[in-house]
Amino acid sequence: MSILIDKSTRLLVQGITGRDGRFHTEKMKEYGTNIVGGTSPGKGGTDVLGIPVFDTMYDAVNQTDADTSIIFVPAKFAADAIMEAADAGIKLIICISEGIPTLDVIKAHRFAQERGAMLIGPNCPGLVSPGKSLAGILPAQIFKEGNIGVISRSGTLTYEVVYHLTANGMGQSSAIGMGGDPVTGLYFRELLEMLQNDPATEGIVMIGEIGGNAEEQAAAYIKNHVTKPVVGFIAGQFAPPGKQMGHAGAIISGSSGTAADKIAAMEAAGIKVAKEPSDIPSLLKNMMK
Amino acid sequence: MSILIDKSTRLLVQGITGRDGRFHTEKMKEYGTNIVGGTSPGKGGTDVLGIPVFDTMYDAVNQTDADTSIIFVPAKFAADAIMEAADAGIKLIICISEGIPTLDVIKAHRFAQERGAMLIGPNCPGLVSPGKSLAGILPAQIFKEGNIGVISRSGTLTYEVVYHLTANGMGQSSAIGMGGDPVTGLYFRELLEMLQNDPATEGIVMIGEIGGNAEEQAAAYIKNHVTKPVVGFIAGQFAPPGKQMGHAGAIISGSSGTAADKIAAMEAAGIKVAKEPSDIPSLLKNMMK
Amino acid sequence: MKIHEYQAKELFSTYGIPIQRQILCTVAEDAAIAYNMLGKEEVVVKAQVLTGGRGKAGGIKLAKSDDEAVSHAYNILGMKIKDYTVNKIIITEAVNITAEFYISFVIDRNSKSVILIMSAEGGMDIEEVAAKTPEKIHRFSIDPFIGIPDYLARKFAFVLFDKIEYINQFVPILQNLYRLFINTDASLTEINPLVITDREKLIAVDAKMTFDDNALYRQPDILDLFEPTTEERIEADAKDKGFSYVHLDGEIGCMVNGAGLAMATMDMIKLYGGNPANFLDIGGSSNPQKVIEAMSLLLKHPNLKVVLINIFGGITRCDDVAVGLLKAFEEIKTDIPVIVRLTGTNEEEGRALLKGSRFKVAETMGDAVRLAVDSQ
Amino acid sequence: MKIHEYQAKELFSTYGIPIQRQILCTVAEDAAIAYNMLGKEEVVVKAQVLTGGRGKAGGIKLAKSDDEAVSHAYNILGMKIKDYTVNKIIITEAVNITAEFYISFVIDRNSKSVILIMSAEGGMDIEEVAAKTPEKIHRFSIDPFIGIPDYLARKFAFVLFDKIEYINQFVPILQNLYRLFINTDASLTEINPLVITDREKLIAVDAKMTFDDNALYRQPDILDLFEPTTEERIEADAKDKGFSYVHLDGEIGCMVNGAGLAMATMDMIKLYGGNPANFLDIGGSSNPQKVIEAMSLLLKHPNLKVVLINIFGGITRCDDVAVGLLKAFEEIKTDIPVIVRLTGTNEEEGRALLKGSRFKVAETMGDAVRLAVDSQ
C-alpha cells in the first residue's frame, strides 16, 4: 500500500498544454501514472500524447471520473485552478506552481476544504508512491518501492535523502514534497497520521526547515500517536536570522522556529535527527531493527 | 405540540433596548414567552424588564443557552444581526426588521444556512404557537390554542384570517408570518413539511400573494406529501400588472405569478381556495369532517 | 427603481462592459449633430422610456443620414409608449450582428440568491423563450461569498461559446456585470441582446437595470439617476411618510393597514363590481396624523367618489383606532362618503364609538365593499 | 517587502485609521520647520529604518522646541541601527497616552489564514508577551470568504474594551486595517502601540507593514514604496534571473539547486568550520547560461575564496549537468578554486566527465565541504 495515490488514482493535469505541463505529463505517463485527461481552456477536444484535453475541470471530471489533479498553470491562475478542481469534485489536488500570492492560496485552500478536497502544495514537487503512481515533478528513477514514508518541506533535499535511502536498499511507500510556501495544504501532522495508518509504511523520514513551528507540532503528534520509527532532518541550522532563504517559509522570526528548537523538540519526542542527509539511512536502519 | 417554538424555546431579543424591541419584549413576556435575554452593544450588564442585556450574541448565548432569537434592529444593521445570531449558535432566527437591502439578506441567509440556523423573515410579523410561545409582533389576543396551522406571506391579512378562525372555534397549533420580501427564510415548502409532521396540526391554512411561484411549488408539494386538509387564499387577484403593492414580493412579472395561475395550481392540488378571508373557517371545517 | 437604457449603458461602460458609442438627445435637431459626431454611415435612433416594447411601438429606427436621423428623432420624441412619453432618445452606432444572446443577473426568490440567466436565444422576449423552450435557458445560482471567480466565469462562458476568443471576451463581461450588480445593489442587470458583431466582438446592444429600493440609501449615485413620473413621485412621497401608495384609476379610495389586507380589499372591490382608486397601506399603527395625511393623499385623486377604510385592530385595538379616526376626521374637510370596517381586538367597542358619526360602519369586508360600491 | 513607518501610516490614513500628523525630513534643519508646522508644544523625532529596535538605539526622541527637534534630528540622521543607516526621520505630534494595545493581522501557517492578534499589553515586544504570558494574547482566525463584518469586529472589540465609545472607534480601525491588509496583499500589518489618548481617542502611534513578494506584480502602488538596500537590489536582480540569492559575509561561495539542499549545504559548511559567502539556489535546471550568470554574481563578492557547486541530478541527469558546467566554465574567467559535488541520476557518468577538468570533484557532501573549507 501507500498513501494518497496508488494504481487506482485517476489523474488530471491542469495546464497540460503548457511547457511544464506537457513535459511532466510525459514523465508521469512513462512512470505508469494513470493520467486520464488534462485541461486547457479553448483546447477542449484535442489531445496531448493521446490524453484527452478538456476546456474545464467540470467537463474533465464528468468525462473521466478523475479523483486527483495536478496543477502546472502559471502562478497568477493557479489559485483559481485549485478552486476549479475542488468545485468540479476532485478530492486530491497537487499544486506544483510556485509564486502564488499567499492570500490567493488562503482562499483556495479554504475553498478546497469546504468542498472536501485535500491540497498538496503549492510550490511543491508533488508526490510519488513508488511502483504505483507519480503525481509531481520528482525524478522517478531515484525512487524504489519499499516501506519508508518520506515527508518533506524541501525539493532537492528530499531527492538527496531518497537517493541515499534507495542506495542503501531502503525503498519508499510514499514520498511527499509538501511545499515551502507560508501557506500550504497537507502538512506533517496529517501526513504523519496517514503514514502511521498505512500498513505498507514501517519507517518514516521527515525533512523540515527553519521557520514556523510545524516540526514542533509534528514532534508532539509523533510522541502521542506515531509508533513507527521516525528519523528527521532540519535544514537551515546556520541560516542567519531574518534572512529569507529561497523558501518564503524559511524565515526565522524571533526566538521560535530555529533549527535548534526544532531539533530539541524532535529529539524529545524520540525522533533521531540526522546531522547530514547521508546519515539518515543508517539511523533509520538502527531504529527499525 | 406545535412547530418551531413552544414552551421550551429560549428566546433572545436582538435590539432589546430600542423602542420596538422593548415594546414587543413586554408583549411577548406577558404572553408567557421564555425570554432569556437581549442584546444591545454597550449596554451589557444592564436589564430590560428584568431581562439581562448583553453586548454581543456570543455573550448572550454563552450565558443563557438560548436557541432562538428575534431581531428588532434597524434595517441597516439587521443582516449583520442575523449573521451574529447564526455565528453565536442560534438555531432559529426571526427577523422582524423591514427594509433590509436584498443582497444583505441573501448573504445573511446563506451564512445562517451554513451555520445550520433557520431564518424566518425578514419583514415579517414572526410566529406564535398559541398557549406556548410567541416570538413576533402578532396580536396575542386573537390567537387560541388548537389544531390549525397557519402560514402566510402577509401580516394583517393573517390576523384577519386567524380572527375568523378563532371566532369560529378553530384554534391554531402554530401561525407563522413568513414575510413579504423578495428573499426570505423559511417558506411554504419547509413549513408545510413541518406542519404535516406535527401531530397537533389537523388542518392547514396557507395565505399567499401574487408574485413569484412559491404557491405553485407549495401546491405541487401538497399534492405529493401533505395528507392534511389545506385551505388557501391568494391576495392581489385584481392587482394591476407590474405595480408594486407594498410588498416587494408582490410584483407580477410577465405571465407567471398571477393570482389566477396560483389558484389554478392550488385547486389542482386539492386545496380549497377561499374567495374572501371570512370563508376560510367554513371551507376548512367541511374538509376536516 | 428603474433607469434608462442610456444610463445603464453608461454604468456598463464604467464597468468595462463593451457598448456602442451613444449620444443622448432631447431635441430632434441634435440628432443630426449626433449622427455626424458618430461618423458612421448607419446609426440607430432609440427612444429612452422606462418601459419595454419600444421596438414594436416604433421607438427604435435605423438612419443612414443626418436628415433621416432627425426625421426619426422628430417622430420618436413625444411619442407615447405604454403611457410613457418619450422625452429622450439616443443616437448610437449600428452594428452588424452575427449572433444574439440573452444575459442577466436577477434576484431569485426560490434559490434565495442572485442567479445568472443566459440563453443563446437573445433579442427576444426571454419569458417567451422560457415558457416555450425552457431547455434553452441556462440558470446558475451565485454564492454570495464566492461570487464569480475566473473558473466559474469560464464554466458559464463555455455553455454559450466554443471559441476561446469569445470566451476571453465573455468572461470579463460576466464578471463585470456581476460586480456592477453587487456594487449598485441592483435587482436586475440585463443585456438583451449581447451580440457578436461581424468583427467578432461581443457588445451589449441593449441594457436594462433596476435597483433595490431598500438599498438606495447607500447608493447616492444611483439615486441621482432616478427620473420619477408624477405618480412615482407621489408614491415616493407617501413612502417617506411611512405609507405604501400606488395610484390606480378607479373611484373607490382605499385605506388599509397591511399590504396583504389592502390587496384583499382591492380584490373584493373588483369582485363586487367596483374599481379601486388606489392601493394604500398605512402600516401597522393608525394614529390620527397618519390618517390625516393618508386622506389628503386620497382626496387629491380626481376620480375619487368614496373612501373605504379597512382596519384590522391587532396590537392597536379597535377602540383606539376608532378614537383615532374620529380625531382625524375633525380636521379633514370633505363630503365624500367614508365607509369604515373595523375588525379585531375590541371590535364591538370600536364600532360603538363610531355609531352616529359621519362614518358608515360595516361589520364584514363583504358589507363594507358593497356599501362602498353602492355609495359611488 | 518592508516599508517605513511613515509609509505605512500614510496607507493607514488613506484607509481611515487615525494617526498623528507627521512630517518627513531628510535634512536635520527641516525639523525646525516641521516643529513649527505641527504647532504643538511636544513632538517626537523618529528614525525611519527598515528594522526594529529604534527606541533602544536612541532613534526616537521627544522635543519641546524647534531647536531641540533639530538637535535630535542631527543625532538621528546618519545613525546606524542594526546595519541600517538612518536617512529619513519623521516629526510627529506627541500624544498623552492613557493605555496601549497591540493589534496586528498576519499570515498564520498553522491555521492557514490571516489571523488577528490583539493584546492589552501593547508597546512592548509582543513575542516576549506571547512567551511569558500567552493568556494575554488573543488570536482570531479570519475566514477569507467572510472577512470581518460588524458583528465580528464588535466581538473582537469587546475583548479589549468595555466602553461603547472605544468600541465604536475600534470597530472601523479593525475593519479598515483588515481591508488594507487584503487590498495590498500584505503579510503583516501591525499597530504597536494603538493608544488611547487623554482625550479618549484611539490612535495608531506606530505602524509596521510587510508585503507578500509573490503578489507585488499586482500591487504597483506598493512596489513604488520599495527602498531596497544594495544587497536587496542584488537579491531582487537575482530573483528576476530565476535565482534565489542571499548575500552573507563568509568566504565560501555556494551554488546549489534547491533551497533545502542549499540550506543543508550552508549548514555543513558551518559544521566543518567554514563560512558561506552567500545562499544561492539556482533552481530546478542548471543550464550553462544560468551557471554563468550565477558565477558572475558570486565573483562580485569581495571575500570570495572558493566556490562550492552542489547539484542533485534529478529530472536533469548528472551527466547533462556535467556537460553544462564544462560549457559554462569555458566562458567564466576566474582562478578561484571550484569544488563540484554531483549526486543523483547518472552520477558516475557525470563525475567521469568532470575528471581532469579545472573542477575538484567530490562524491559526498561531507567531502565537498571539507575540500571547500581547506581550499580557502
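Each chain carries a letter (A, B, C and D) given by its place in the written order, and its residues are counted from 1.
Just so it is clear, a residue touches a chain if its C-beta (ideal position, glycine included) is under 8 Å from a C-beta of that chain, and two chains touch if they have at least 3 such contacts.
As the structure is a computational prediction, the values presented were derived from the model and not from experiment.
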Ask   = What is the set of chains touching both chain A and chain B?
value = C, D
Inquiry  = Based on mean C-alpha positions, I'd like to know which chain lies farthest from chain A.
reply    = C
Remark   = dist(centroid_CA(chain A), centroid_CA(chain C)) in Å evaluates to 56
Ask   = Which whole number of Å gives the spacing of the CA centres of chain B and chain C?
value = 27
Request  = Would you pick out the residues of chain A that each touch at least 2 other chains?
outcome  = 111
Inquiry  = Residues touching two or more other chains, restricted to chain D: which are they?
reply    = 145-146
Graph class of chain-chain contacts, one of line, ring, star, complete, other = other
Message = How do the chains pair up in terms of touching? List each pair.
response = A-C, A-D, B-C, B-D, C-D
Remark   = So, in the complex, the side of chain C touching chain A is made of residues 146, 149-152, 154-155, 158, 163-164, 167
Key: Interfacial residue positions of chain D with respect to chain C in the complex   = 145-146
Note = The residues of chain B that touch chain D in their complex are 41-42, 44, 55-59, 77, 80-81, 83-84, 87, 111
Parts of chain A lying in touch with chain D, wherever the complex brings them together = 27, 75-76, 99-104, 106-107, 109-111, 137-139, 141-142, 152-160, 163, 180, 182-184, 207, 209-210, 212-214, 217, 233, 235-240, 243-250, 253-256, 259, 275-278
Key: List of chain C residues in touch with chain B within their complex   = 107, 109-110, 112-114, 127, 131, 143-145, 182, 185, 187, 212-215, 217-218, 244, 246, 248, 256-264, 266-271, 276, 279, 281, 284, 312-315, 343-345, 364-366
